[in-house]
């Protein structure tokens, strides 16, 4: 019985984050000030990133039998880990304001978030189904607690409940899928599964198993029809938690999707159409319903559902001459990076405005440019990027990058659906951006006094996102070529 | 190419200026418009420099080329260059930009906010100039889209009437068109492996299979047709023109419409010759329908700006007819038609803007009659611009249309008789054009003259309009100024199509 | 014993679980039905593990992981239900519809 | 810058300067106005002196369509003679206008447009390049539109201006398409080369000349595009004299003369021209007989006289047509200016208010009588000789030695003779109603000021003497033929033949008889009868062209407003509606969400299984 040698350096990012979680919890208990927990959180992330980059190319948790390791670090995984970590830093900055004025218990909040992040950092590098499912659970469960953490808000509990029930249902279904896959192939490790996929055509059971496995991924990235929970949960939770859900937990979902589709690349004619329909419906449905939204957070929820649809398009277009490969994966990661920056920025501004003025409906953002020009210009820039309209250059470029794949593989209907979806999307992004610059109507909404403490960190988060998005717009290969950097 | 800093400077100067205005405080409201004039004047000087630098002899090849790698993943290089086809359009854009800036000095439309208004105009300028200078497909698409947001804000915030609906129809319709065009571009890039327009025009495009060429051409033409606008994709134009502020409709009609036809001549014709030869007759049919439809629809309009909007549909119909002949005379006529329409319709919209400013309306129902009496010089300009627009020989409008007819007599494509029928229909369009313009002159200019109530054309209006008036006459009398630049480049384009002709 | 018998059991358990999940009004019973679904999965996993009997015995190890996951889920689920009960006074799922689309 | 171009540019510059500086002082405006055409006349005179124009074509050596400004010019007998006439008449009209337009506030723009018109007409006359021809042709149409609409306060002036421009523009479609066909077929834009190349290929010749004929019918107010000329009388009289009598309407005839070898190569077109000319000739003369307005009588008479020129061209004699063109220009300008003087004095142009002015306006009386005599064709006036030359040409054609079939010659001859009678009738009626009989209307009538009657006298001189130049072959005929770019056989003397003289004298006497009987005031009529309103041609237009056009316009705006607009906004609201329906699936119950999700999953599994199986 050989003792399994574990290369701690490879696992460093996850361990550092987990450790950070504990330290944050204890720090808050000792110093009684939530701000310290946020500080610890930021430091943890700062330490974790170099470790993640350093770990590139390593692999560990290998079984003695067939040396199939269940933790393999590839450039793709490093890129995804970096995205998750940087996004968490921004969310922590956003949340520090809520923590400062006791609306959310600081220590528990940071602890739960870092636990979830440790799972999210784990997923990209997993190499077998068991670790994948466990990591997914590690990401999901703390987030439901985060959603419910909102003091004195009955709807938070309802939001957490909805997300929770949807999650356990989809996990159960996916587990059944895994059982079927294991049943038909006798393997759980991705390498063996890939070999089995290359060896033979998918048996009916395997097909059913794989499609059911996609359920948990569809839940995580909130793709229609597994999107029901998303708008309600985002509305119920605090804005930073909604931001976390829309970026980090979705990034985890996309990592899982990339791994699964990568493993079963040989069976792409089987799963590609399913993913394509999923992407098409999500893009169209997300944008169509977003047209009707009045609440800012709900609109951003539906917008992030639609954006998830765009991100899946390259995977959906795997057909004919285009096989699953680095080209497709880079397109997904490219869009994901840009999406993270734009989306977090939009959520950050909404968070700041919600806290300062209590405005929840995007219609009431009328004349924001008059009162706080900086925020208005930033939000306009993020909305333009999400819409894919210059000056939001990166939003447009990543859409072009994503659109290349279906055009190359000849999946015309998908390209057409994306074109139509983009136009519909433009309608509501533009409507909101216009509100910012219109003349404020007569009964100017009283701007409550600025919460002194903690408000500067929220503004810093907006500035960070703005800097990132502008940097991407000027030098798009930062985002589009992220994977090749590691 | 010594001075290849010219073209990037043409883009960077307005961009920086827009940035400065964005950052400048509320005090900037006072000097914003003068700042705008300054920047546009610098732009004009740079353009004159480019015109001087441009070697007429080798007008066929790209000059003042600037190249820098930007996004390797998308094969996008920041490549700018100018040749016989794009130089006149760059010059037209700079000129109209300058005239617009001068006009805005003391006439910032409701609700003021000069800083934002001038900033948006400068952003618009960057987008327009960039589109004409880009030599990379995706770069062309990016600049094509850069124009949309500023124009949307100009219409939605400074426009009149139900401006929000008009602005939304404008931007959604155009974005759908440009995304369809993007899919076409991507198909070309995917199939040929290169996004460089010069390479593609050189012969790379011909290697694409017939079917792929046809698909790409239809997609790209679809997108460009929305921008031209070609019938039946024109519904956004009248609303956009009626609601846009004066300067907005001048630039919209003067330059934005040309991006569509420019795209056809620069990208579709040389890169996808086989497809173009098969599509040309249908393009000619749509063009002629556009001419007749535009003329008849504008006769029925009850608003001055809508009449001019539909007249633009008619004029662009002639330009499309010129392009569809794929012959040297035809395409030269199309390019000349672009410039002439830009100058004349720009002037027309300025004059109508002047009328709207003085009478507060452009609807025939409420417009006072007898403009010739109440504001003689303004009336004369309205008459002059209307006559130029209906294609009076001796003024710029005539050459574009007449030579398009001459081109249609001998098209490069085999369907000669079909084109001669188109020729006759287009000629009928000319008399319809005369009909609706004379109706306008009769309704607005003539009539029981009220005594001199309105103040006549002011000094700054003269300053802003004189270049256009002069250009209309000069281009009318000496059309070769444009032809000597465009002809060599057009011959190159026609050569690349010659291979595909039976 | 032929492989199909345990699979039949697992499918039926899973089916009942899904039925309970969708129909029951009381949240706790919903959680119980999810448990049922997970146990259905366990049965099939163990059955397949016996069938394949491969070196790593991945099926059984995954079954154990599933059990731990179920425990974690239930712990968190009950905590959320507790909060819900304190806020709302009832844990009926179909009453928890404050957050919804205000379709005009 | 060749001499012909200078001749064209002087009036153009005068127009531009007049427009700019005219507002300041009327005297300056008047001076510049006269200086324009006078300068052109001087240059034309200089051109005339170097008579045997050695190399007629001065081209810029750059053919093909994309050339610098088409400045090629043609200088030969035909061009110089017509140019002399045009600038002479224009100068006189400008001088006359100074007096006539004394009360006109917008005199400077009027004078400028008249000079611009002169430049355009001269451009057509000396055009050696098809493009220059088209430029001149259209600018002339524009000036006529502007000048008819000079006092646009009046409703009928506005309507007449638009009608004139549009009807001529309809003709211009044919003209422009014809020019396009010519350029396309022959590949060159130089007039002589193009005409030479076209005349060698019969199909191109027929198509091109047929189309150009359309433009000519519009410009020279021949049936069926003649309806605009009578209404154009709403413009000031000097304008009617210059544009709608002497020059512009003659431009059509001039262009056919310039393109004559091509027309000769298309006998079919010539026959059509002959038929159209005959219809117009007789129809217009008869209508003129019943007009109740002084200027409308002269207008219809012009239509009829123009038909003579077209008929002459149709029967193969270019010289006769040009000869009649020149003489007609003189006496018809004279008649219109005289009519202008009368209207200026009496204040209205209706025949009811005019009568018995013999004693109060002696000079106008004398000159108008000379004009009317020339119109009728009484020996020794210019009209007699030019009309006779047309009859002689018709008689040659009838004898069968022309390109056209003999019956065409006979038709033209007979109709021409009958029209002489009718012309005599309306001329006498006009003379009697204006000068003889009791003084109708009231108020003191005194002679027009010298600046107005001097041009009348100056015009009366050529009306008297011009005829004699045609007698010997060395004068006018050689002049017209003088190294014309396309020689047409030996220049035959335009001397009248005995038999035609006899015929015309008889017709004349009959006409006078009819005219005498209808001189009574009661025979004036109120101009509302079908005949008076131009045989219902206007009504026909309204039904055949205007009404269908307006219906089409209605459909287009309807179609554009509803169908296309509705589809676009429909798509917009449609998407919003689907958004709404999708929204309704989100009623908040999480179990409903999960059930939709799971059903979707089952459907996906089933479909994938089916697709993988196949």
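Per-chain numbering from 1; labels A, B, C and D assigned in written order.
In the analysis below, a residue touches a chain if its C-beta (ideal position, glycine included) is under 8 Å from a C-beta of that chain, and two chains touch if they have at least 3 such contacts.
If you're wondering where the values come from, they're calculated on a predicted model, not measured in any experiment.
Shared contact partners of chain C and chain D are A.
Chain centroids computed from C-alpha atoms place B closest to the centre of all protein C-alpha atoms shown.
Comparing chain pairs B-D and A-D by the number of C-beta pairs in contact, the larger count belongs to B-D. Per-chain CA centroids place chain B at a distance of 36 Å from chain D. Mean C-alpha position of chain B lies 64 Å from that of chain C.
For this pair, chain A with chain D, the centres built from the Cα atoms lie 78 Å apart. Taking the mean of the C-alpha atoms as each chain's centre, chain A and chain C sit 25 Å apart. Residue positions 168, 172 of chain B are each in touch with at least two other chains. Residue positions of chain C with contacts to 2 or more other chains are 21, 30, 93, 96-101, 103-104. Within chain A, residues 161-162, 165, 169, 173, 231-232, 289, 292, 427 each touch two or more of the remaining chains.
Chains touching one another, given as pairs, are A-B, A-C, A-D, B-D, C-D. Within the complex formed with chain B, the residues of chain A that make contact are 330, 334, 377, 384, 389-391, 393, 396-397, 400-401, 403-404, 407-408, 415-416, 419-420, 422-423, 426-427, 430, 434, 437-439, 476-477, 480-481. Across the interface of their complex, chain D is touched by residues 18, 21-23, 30, 93-94, 96-101, 103-104 of chain C.
Across the complex, chain A is touched by residues 575-576, 578-580, 582-583, 586, 588, 590-594, 596-598, 600-601, 604-605, 608-609, 611-613 of chain D. Residues of chain B touching chain D in their complex: 168-169, 172-173, 232, 235-236, 293, 296-297, 299-301, 329, 332, 370, 372, 387, 392-394, 398, 402-403, 405-406, 409-410, 423-424, 427-428, 430-431, 434-435, 438-439, 442, 445-449, 477-480, 483, 487.
Here chain B touches chain A in the complex through residues 22, 70-74, 111, 116, 123, 127, 138, 141-142, 145-146, 148-149, 152-153, 156-157, 164, 168, 171-172, 175-176, 179-180, 182-183, 186-187, 189-190, going by the rule given at the top.
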